[in-house]
Every structure is written in C-alpha cells, then in structure tokens.
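The structure under discussion appears below in the form of structure tokens.
Chain lettering (A, B, C, D, E and F) follows the sequence in which the chains are written, and residue indices restart at 1 in each chain.
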Amino acid sequence: MQHVKRLDLVVGSRVATRFLEALDTLGLPHRTVIPGVHGYGQHGPRGSDPFATFDNTYLLVAVPPDRVDEVVAALQPLLQEVGGMCLVSDARWV
Amino acid sequence: MVGNLTDPAILFFFVGLLVGAVRSNLEIPAPVAKFLSLYLLMAIGFKGGQALGQTGVTDAAVRVVAIGVVLALAIPALGFVVLRRRIDHFDAAAIAATYGSVSAVTFIAGTQFLTARGDAPGGYLTVALVLMESPAIIMAVLLATWARARRHVTEQATVLAGVHGPPQPPTASGVTAGHPVPTPPMSMRAILHEAFTDGAHLVLIGSLVVGAASGPTGGRAMAPFVDGVFTGLLAFFLLEMGLLVARQLREARDVGPFLVGFAIGMPLVGATLALALGTVAGLSVGDLALLAVLAASGSYIVVPAVVRYAIPEARPSRYFTMALAVTFPFNIVIGIPLYHAAARALVG
Amino acid sequence: MVGNLTDPAILFFFVGLLVGAVRSNLEIPAPVAKFLSLYLLMAIGFKGGQALGQTGVTDAAVRVVAIGVVLALAIPALGFVVLRRRIDHFDAAAIAATYGSVSAVTFIAGTQFLTARGDAPGGYLTVALVLMESPAIIMAVLLATWARARRHVTEQATVLAGVHGPPQPPTASGVTAGHPVPTPPMSMRAILHEAFTDGAHLVLIGSLVVGAASGPTGGRAMAPFVDGVFTGLLAFFLLEMGLLVARQLREARDVGPFLVGFAIGMPLVGATLALALGTVAGLSVGDLALLAVLAASGSYIVVPAVVRYAIPEARPSRYFTMALAVTFPFNIVIGIPLYHAAARALVG
Amino acid sequence: MQHVKRLDLVVGSRVATRFLEALDTLGLPHRTVIPGVHGYGQHGPRGSDPFATFDNTYLLVAVPPDRVDEVVAALQPLLQEVGGMCLVSDARWV
Amino acid sequence: MVGNLTDPAILFFFVGLLVGAVRSNLEIPAPVAKFLSLYLLMAIGFKGGQALGQTGVTDAAVRVVAIGVVLALAIPALGFVVLRRRIDHFDAAAIAATYGSVSAVTFIAGTQFLTARGDAPGGYLTVALVLMESPAIIMAVLLATWARARRHVTEQATVLAGVHGPPQPPTASGVTAGHPVPTPPMSMRAILHEAFTDGAHLVLIGSLVVGAASGPTGGRAMAPFVDGVFTGLLAFFLLEMGLLVARQLREARDVGPFLVGFAIGMPLVGATLALALGTVAGLSVGDLALLAVLAASGSYIVVPAVVRYAIPEARPSRYFTMALAVTFPFNIVIGIPLYHAAARALVG
Amino acid sequence: MQHVKRLDLVVGSRVATRFLEALDTLGLPHRTVIPGVHGYGQHGPRGSDPFATFDNTYLLVAVPPDRVDEVVAALQPLLQEVGGMCLVSDARWV
C-alpha cells in the first residue's frame, strides 16, 4: 500500500470539464466522477432543480503525494473563478 | 378566466404546490425531471417546425419575430432602469436578464391554453421563443461589466464579498478567508459560448429544424409522441414544477415586497407592450396572446445557467426565486387567461 | 384462471423473475422505476377520478368504501392476534400493518385483469384504495407502543438489541457499542405526518381530484398518457418488480415456513372476508373482485416507508419480504383470477 | 490550505432534511448532498427498491475543526433515533 | 439513398452530433438513456414476437436464421485473419468480436427505414438478431486465450503492462507498481454467464417470447407503447447517440487510418456476404436488406460489456470507438439505404 | 467516537457484487453503495454511455482498524483481476 493524496472536489456540473481538463494537462487523467450531486455553498443552493442548471459534480482524484502542491496550484484559480470545494486528505492506495 | 383551472396539467401544478407545502417526501428524481424538460422542448420545437414547414415564412411570421426581438431588447433595458435605483447593480442586471428572456414552460402552457380555446398560435412563435432567449443575457452581462468597472473605481469591492447564503464561519468555507475579491468572472467569449450552446436552447432549435425538414410523413410518425402523450407528460412535469416552487418559496428570504411587486408588475408591463405592438402589427388573437405570454415570462433555465457564472455577484436567491416562485405561477394561473382575454378584446 | 398468463404485463413480470433468477446484470435505474411507480399512481388516480366525476357519489360507491374501511381495520387486528403468539410483537405489529394496508400495484394489475374481462370496477374503488392505506399503519404503531411499554417492564430491552442483519463486529458499526437501547422512535405526530404526507399517497389523492375536476375535455387530453401507453409502462414496471422479487427472494432467510404460510393464508382470509361482506352488500362482480384484491394485497411501499422509522425494532427482512416476494406474486398469478372467479360465482 | 474536519454522513433519504436542519441551526449551511445512495447497515438493506422507500442520502460537510464536537453532539441523538452512519476525518481546504 | 435524411429519428441523430460537436452542456441523464435503450429492445422484441406468433416458424424464417448464424461465425473469423497481421492480437480478437456481433440500435433503425418504404422484414429477423449476438464473443475469447498462451511463451508479458490510457505516473495509480502482470482474466464459465445473461440480451429474448405468447389482444394493448410512441422515443435515443458519438470522436486517438478503413470496409464486406447468401436463399427484399444491416453492424453494447472483463488486454478506445463512432453513423446514414438499394436491385 | 478504517472502492458496476460478496464472507456486510459513477483509470473511460456498460459503482465501507489488513488481502486479487481503485484512510465513527 502506497501513500497517496486524495482530492475531493465538488464543482458545478457545467464547469466540471474545466477541472478535468486541468488535470489532464498535468498528466493526471485518472479520476472518479459522481454526477447529479446537490449542495449548498457560498454561491447558494445547487442542484434539485429539474433543469440541472445548478447541479454539482463530485470529483475524486487520487494523486501521488509529491504532486499535490502542483495540482492544488492548478485548481485554485479555477475554484476562485467558478466556485466549488476542494478537500485534500491522506489515504493509502491498495 | 378561470377556464385554466380545469386543465389537468395546470391542476397537477397545484397538486405539486400543495404536496410541497405539506413537506411530503415526494420527489421526482432529477434525471426524470430533466428528461421531461427536454421532451417538452423537443415536442414544442418539432411541432413549431412542422407548422413552419407547412406554411413557410409568412408575412405574419416576420412581424411576430420582429416584435419578439424588439421586446427582448426593450424589456431588459426597461427592467434595469427601474431596478438600478432600488437594488444592487449586479442583482439588477441579473433580474433584468431574467425578465428580458423567456420561459419555455410558460410558453408551452400558453400554447396549450390557446389551442384548447381555438386560438392556436402559428409555428413561427417557436422561432420567436428561440430568438427572445439570448439578447437579454448579453445585455445583462454588459451591464454587469460596466457595474464591475464602476465598483472597482469606488473601491467597494471588499464590502460585497461573502454576502451570499446564510452566515457560515469563514474558516469553514475557507475560500473566503484568503481571497476576499473574486477574480474576474467568465470571459465574454465563454459567456457567449454558454448562452448559445446551452443544451435546452439547442434542443429547441434542433427540433424546430427537424420538424420543418421531416414533412408530413415524419409528422405522422412523431405525432403520438409529440402530441398524444404531451398533455400527460406536461402534467407530470408541472407536478414537479409545483414541488419546486413550493420548495423555492421556503427559501425566499432574499425577495422582499419590492421584488415581489416587480415579479408581478414587470410581466404585466411586458405583456402590455407586446399587446400594443402586436395589435398595431395586426396579429391574430393566438399570435398576439402568445407573444404577450413570452414577453411576460421570466427565464429560470437559460438565464440562471449563464448568469450564475457570468455575474457571480448576483444572488440566485433573488433572480431565480422571483422567476420561478412568483412570476411562473402568476403567469400560469392569472397571466395566460388574462393576456388571452385582452388579445380577444383587442383583436377579436 | 390461467387467462392472466397471456397478459403481456404479467408475462413481463415473469421475465423479470427469470432474469433476476439467473443473476443477470439487468438493472432498471432507480429514477426510472420511481418515475414508473408515480406514473401508475397518477394514471390510476386520474382514471378513478374521471369515473367518479361522471357517475358522482353513487350508492354503490358508499357501500364499497365503507366495506373497505371496515376491512382495513379488521384485517390488521386479526393478523396481529394470529401472529403475536408465534413471533416477536414488533414483527407482528409490522406484518399486521402490511396486510391491513394495500398494494397499489396489485390493485392496478387487478383492474387491468377485470377490465379486460368485461368486469370493469367503478372509479370509487380508487377511493377505497386511498382510504385503506393508512388505518393499519396507525393501529400497528399503537400496538408497537404497547409492546414497547410491556417490554420495558419485563426489562428485556437489552436482549433484543442488535438482532438485525448478519452479524457485524460491534466495533465496526460502532453505534451499537455504547448504546444498546435505542432511544424511543418517532413521535406519534411525526408518524401521522409521515403516513399522511407520503408522496405516493398524495399523488394518488391528487390525481383522483384532478381526474374528477377536469371533466371530459381533460380526460380526452390525458387519454393517450393514462390509457394508451398504460399497459406498456405497466409491463415495464412489472419487469422491474420481477427483478426485485427475485432479488428479495435471495435475502429471505428471515422468513420461515410459518411466515410463508401467513403470507399466502392471510390474503385468502382477507379476500374471503371482502367477498362475504361485498356479496351481502350487493356489489357488482367487478367491484366485489377488486375489493377482494385490495383486502388480499399487502403493502410494500407506504407501510415499510413509515414502519421503518415508526417501529424500528421490526425486521424489514420479514414484513417487506413477505409482502413483496410472496404475497405480491401470489396475488398476481393466482389470487386475482381466483377472486374474480369467486366473485362471478357469488354474484354473476 | 486550512485544516477542516470532514463529516461523511449516510442517512435515510426521508430523514436527511432533519440532519440538514440541525446543521442549519448550528449556522453551518454549507454541504454536499448525493441522493439515491444504497446501503446496508444495522437497519438492514437500504435503497435498490423502485419506490426509493429505503433510499439513503450521502451528506458531506466540511466544518472548522473547533466546531466538530458541537456538530457531533447535535447529530448523535438523531443518528440514534433514525439510524445512519457518520464518519469524521481530517482534511485540508483548498 | 438520401431518403433516410427526412426521417425525424435520423435527423435527431445529427442534431445530437452537432450539439456534441459545439461542446454544449447538453446531457441526457444516464438513467434515462438506459431506460430508452431497454424500451427499444422491449418494443422490437415484442413486435418481432407478435409477428412470429402470427406467421409461426415459416420456411423463410429458418433460412434467414440459418444464414444469420453462418454470418455470425464467418465474419469474426474473417475479421481476425485480416486484423492479426496489422495489430496486437488482443485488439484483433476484440475488434473481430465487435464486427461479428450485431448492433440492436442499427437493427431498429434499419427496420424503421425498410418498413417506411414498404419492405417490412419478417418477425424472425429478431430471432436472427438474438442468435447473432453471442457466437463472435465466444470465438474472440478463445482467440484471446490462444494469444495469451502464445504471449506467455514468448515472455512478452511485462512489456504489455500499462499500455492503457494516457500516461499516469505509476505511483498515482499504485496498482501497476507492484504487479506488472495481471492475473488471468475471467474464467470461461464466467464469460459464458456474462454473455448469455446480459440484461439487454435477456430483455430482447424475453420480449420476443412475451410478444409471441400474448396474441392479438396483448398486441392491441401494447400497441400505443411499442408502436405509437416508438419513433419519438427512438428519436430521443438517437439524439443521445449523436451526443455520444461526438464525445467518442474526441477520444479517438487510438484509431488510426487503418482501423477507420476497417470500420467502414468490414461492414461493406459483411453486407455483401449477407446479400450474396440471402439472394441465393431466395429471401424477400426486406429480409435480405435487414440481414445485410445485421451483418454490417458492429456491437457496442454486449461485446464491450463482456470483452472488457474477458479480454482486459484489448483497448476499448479501439473496438468501442470504431463500432460507435465510425461504423454506427456510417450504417445509419449511408449503409442502410445502400443495402436496401442493393437488395432491391438483387431481388425486386 | 471510535477509530475505524474507511475503504473507498470504485469498481465496475458489473463486478461490484463480487466485492460485496467478498466482504459478506468476511462478516462485514455493512456498506454504502453509490451507483452510476463515472471514471477514468487504467482501463480507460468508464460510465457515460447510455448502456451503462462501463458504469462504476462506489463502495464505502467502514471497518474496525484491526480487520483492515484482512479486508485488503481479500480484495486485492479481485482488484487485480477486474480493475478498480481502493483507498484506505482513517476516520472516527460517531
């Protein structure tokens, strides 16, 4: 089992691809994506409307510990532009 | 005027409202609601296209569409002028966009109502629906850019940060702590892309084209889907809309009496404008009434979808709530029969 | 009696059973299944309401509904008396509620069957369906409260903790460790709210009202949806029910021979009661047979939804499994044709 | 990046609003909500029936570390009444 | 040959392609897409079963089905022989399976096209569809087993590890690091189970049986569902297929010119084989054309579902992309009208 | 609050039951299951096709810390056979 950093991102569904493309650019294409997520944050309620206008998407990304700073640096401006949450924590990869 | 109240689709809207009000656990799964909303756009687009394909581009079509575009520019401008004196400029721009644009579901309910009463509108009204969706958005984004420039000058930037939602300790949400001034929002290019590639928008346009292209044979093959089950699926969808409005009403803290008044007054003003221009242009009762419905309706799909990112400073708890929880039910219950009666009085 | 076996909807139920039995990967997505279940309630409610709107409240309607309510009180009482001697009181209360209440899907299948054979039941049966849903729940909750008080006295509390589900080391689930005695479950007020604001329940009532209110014009507009595609969507739904029953049968460890016997015997007793009372009251064949179907059916939607929180001590692996995996297929395949034959023999 | 505590709750969908209201009361409205979750716990199987009777809802809530005890204290009675799982772990907020 | 281009369902496929190409946010929720795909299988199975039930097993039926099975064995063998010289053996086996098996959606589009032009194929074609699905899969798995044995001998095992997907640092995905050689994939038993209990497969077979068993009464009850709304729901589904193809085309890095050529050439070869055998066997125009459609189509449902686990060494970015993004649109737009014209020329 | 280990698994939906049965065999039936998850990993893209051929399922399992090695040992061969991700991290159970 190796140490990895797990990133849990929750971002608007309409902008999720921008986050994923940023990760692709860093050569980190592996990810898990949960669509149809609701939420409430600084930008008010998200999800739970029939047009999915405000839907969130959940992104889970496990990255090598030595790359986490780089990833965070790449995602931070996006998070500031379009909102969303990003949590970083420790895990081990089986 | 209460004729609307025996229409099963409208009645299901009330069922949804009541079920939502008693806080039932009823929930229409989001994927189903989205399917229904796309279905409605597809059906209305296809039927409009079929009608257009039969009549071709008539004189009446040109007049209706021209008036529609005029309204789509005049209404948001008027709205912003009224609002900017009373509320934050970003909210004002977003609300102006909301009322300048249109609501497809209201359009559908209006079409159903008018058709059932023998005043079926022309297929080109669907073209008006398409063309009236975006101008207000572009206008609002420009207004917000101007407001942002102005704000920067008066250095009020930091004051406005963190106004959204109930209070949350800054350390919890973290992001506010270090970065009080949000970076500039989406570029104009991205905004235009968002506005014109919105899924709902494109399904509507696409269906219009398919309807026009596929002729009577195609029309017959699609009829059980776009006509037969239409009322039933609309009823199901309006049940969900009722639930949604009930839920939204519970979150309506940010909408005071002034904004409630605006959410009813603006539709009436818009409808009056449409009725006036349309009467002068010699439209039929159905066309006139549905144009008034379009003018009176406020967008709660495309506009919020774009404005959320294009004008992040504006509060969805205002513009979205007004359009969905006040104007939509108002139009469905009172507005549509009223505009129809007015159109009959003016033209019939 | 095997006439039911050429009905496509019923046949699709068997397809589902078989597909589930071979452990196929087939899955109907949950949002779709939920949509279909709401659709069925909406259609059946609307059609019942339409029928009621045409006939008004007839004498037969009053008799049917009155007998329905009597059954909804008698059956759970009888069930509890039988069960309490053999099994845990909480399970007994929950199972009694299950059989005292009704299954809307069984009702729908029964209506289809009877209508196809020229014995269409009256629209007021839908009212009976609505009114027979809740009394058993209330009764069961009261019985459970009584059982809880009794248990407390005899201090058996700790013995019963942790009986649910396969063994899991307490440290894994954690919550059991420090708190062997669950705090008292939901308040009576919360339970009544849950029982009467259940989404399925309210959609049914709402559709009934809309159906009655919207007259022949509304009926015609809704017909392709509530009639046309009904059999097809029911077939699709029963495919999912078959899958579900197959899955549930695999989890049926907690249902021994006695409970299987009860899950078949109780419906027969309930149906017999209904046939007796209904014959005395002079009901028509269709009304009589469908009332028997209602009496024989066990709830696997509203009751589990409420009982899960109201009687947390009871095992869903018993009451839910019995209703869904034994009684539902029994009624669909054998019960409905049987009750129909009996009704014909008694009345025709 | 600041330290936060992340709470991962899995509770019955019909009672999820009770948990969310408890968080609102504490002035912690920010959350992520995943509907349509299945599960198996002390109360047997949940989800995977067509009526969503037994559906679970997943709630993810990031709170300041100094408020976690208060939050846990508020949620614990609810968890005991209606069941559900609540995990607490460490994360950093980007 | 461009007659297909006024069919609304096909036109909606193009709408989907275009909407996808401009990177709209339009998304059909996955549960809805899955519902639609199951609906289409159910409808086509039921209608095939009804037709079979009416005609019984005719001589033509036997000939069509026999030729179908021959094609289902010949095409993958031929495909593998061609491919193994140019590409990796695992990819070759997977692609051969793809083209040896069939696409239900292409079959449906073909049936619609032929029926609309007065050349309705027989119900037994659905039986051919069912029987042509699996042989190629079994064959491919055997080929892969052979390739695996060979690879083991030449000890190339470690070289091939980690070829999938864009580069990811091994420490990120972890699993590659310590275990370069994947353990042998699924057992033959598990593969057969997967292939024959695939949900889509079983729904099709089940619906065929139900259709045959439920006679004209059942047929009438199901008609609004399986016929009425069919074109509409197919249109909606093809909209989603268009979106999907557009998305898949963007990921098509692993498909070079040779494979694109194969993805168009192989269908033409398969169709030619079918036309030749079918003409000799004296089939009708409709049967002949639809058999060619089956032969020409490539599977993007059952085959990838099984092959993903049965031949994990093969790249979905090749076999799946070719079938979905090249062959499917080719058949829909050019292939179907072409095979029909050829069948008319050969038989009519 | 007790210490537990949380396992976050993302595996193909068609093979998810094999993982769950392995957990059942270990006497650990409690779990949370999120269906309809998309992703991208060593086996290429998953999810987002209308036939759910490539769908992933997310499994969250909280286990006692002293059983985690056993669980990992049981799941590892499955992960190698059919692919998927498994992260292990620390949490406390409320």
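Definition applied: a residue touches a chain if its C-beta (ideal position, glycine included) is under 8 Å from a C-beta of that chain, and two chains touch if they have at least 3 such contacts.
Please read these numbers as outputs of a predicted model, since none were measured by experiment.
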Same-residue or different-residue interface between subunit A and subunit F, half as cut-off: different
B-D against C-D, pair bridged by the larger set of C-beta contacts: C-D
Of all other chains, the one whose Cα centre sits farthest from subunit A: C
Distance between chain centroids, defined by C-alpha means - subunit E, subunit F (Å): 31
Whole-Å gap separating subunit C and subunit E, where each centre is the average of the chain's CA atoms: 41
Distance between the centres, which are taken as Cα means, of subunit F and subunit D, whole angstrom: 20
Cα-centroid distance, subunit D relative to subunit E, in whole angstrom: 43
Residues of subunit B whose C-beta touches two or more other chains: 25, 27-32, 34, 165, 168, 173, 175, 194, 200, 224, 228-229, 305
Multi-partner residues of subunit A (at least 2 other chains): 1, 4, 14, 29-30, 34-36, 40-42, 47, 52, 62, 79, 85, 89-90, 93-94
All chain pairs that touch each other: A-B, A-D, A-E, A-F, B-C, B-D, B-E, C-D, C-E, C-F, D-F, E-F
List of subunit E residues in touch with subunit B within their complex: 6-8, 11-12, 15, 18-19, 22-32, 116, 224, 228-229, 231-233, 235-236, 239
In the complex with subunit A, residue positions of subunit E that touch it: 25, 27, 29-30, 165-169, 171-175, 177
Subunit E - residues contacting subunit F, complex: 28, 30-31, 33-34, 36-37, 162, 164-165, 168, 173, 175-176, 179, 182-183, 185-186, 194, 200, 237, 240-241, 244, 247, 251, 300-301, 304-305, 308-309, 312, 315-317
Subunit C residues within the subunit B interface of the complex: 29-32, 34-35, 38-39, 42, 46, 193-194, 197-200, 202-203, 206-207, 209-211, 213-215, 217-218, 221-222, 224-226, 228-229, 305
Residue numbers on subunit F that touch subunit D, as the complex places them: 1, 4, 6, 29-36, 60, 62, 89-94
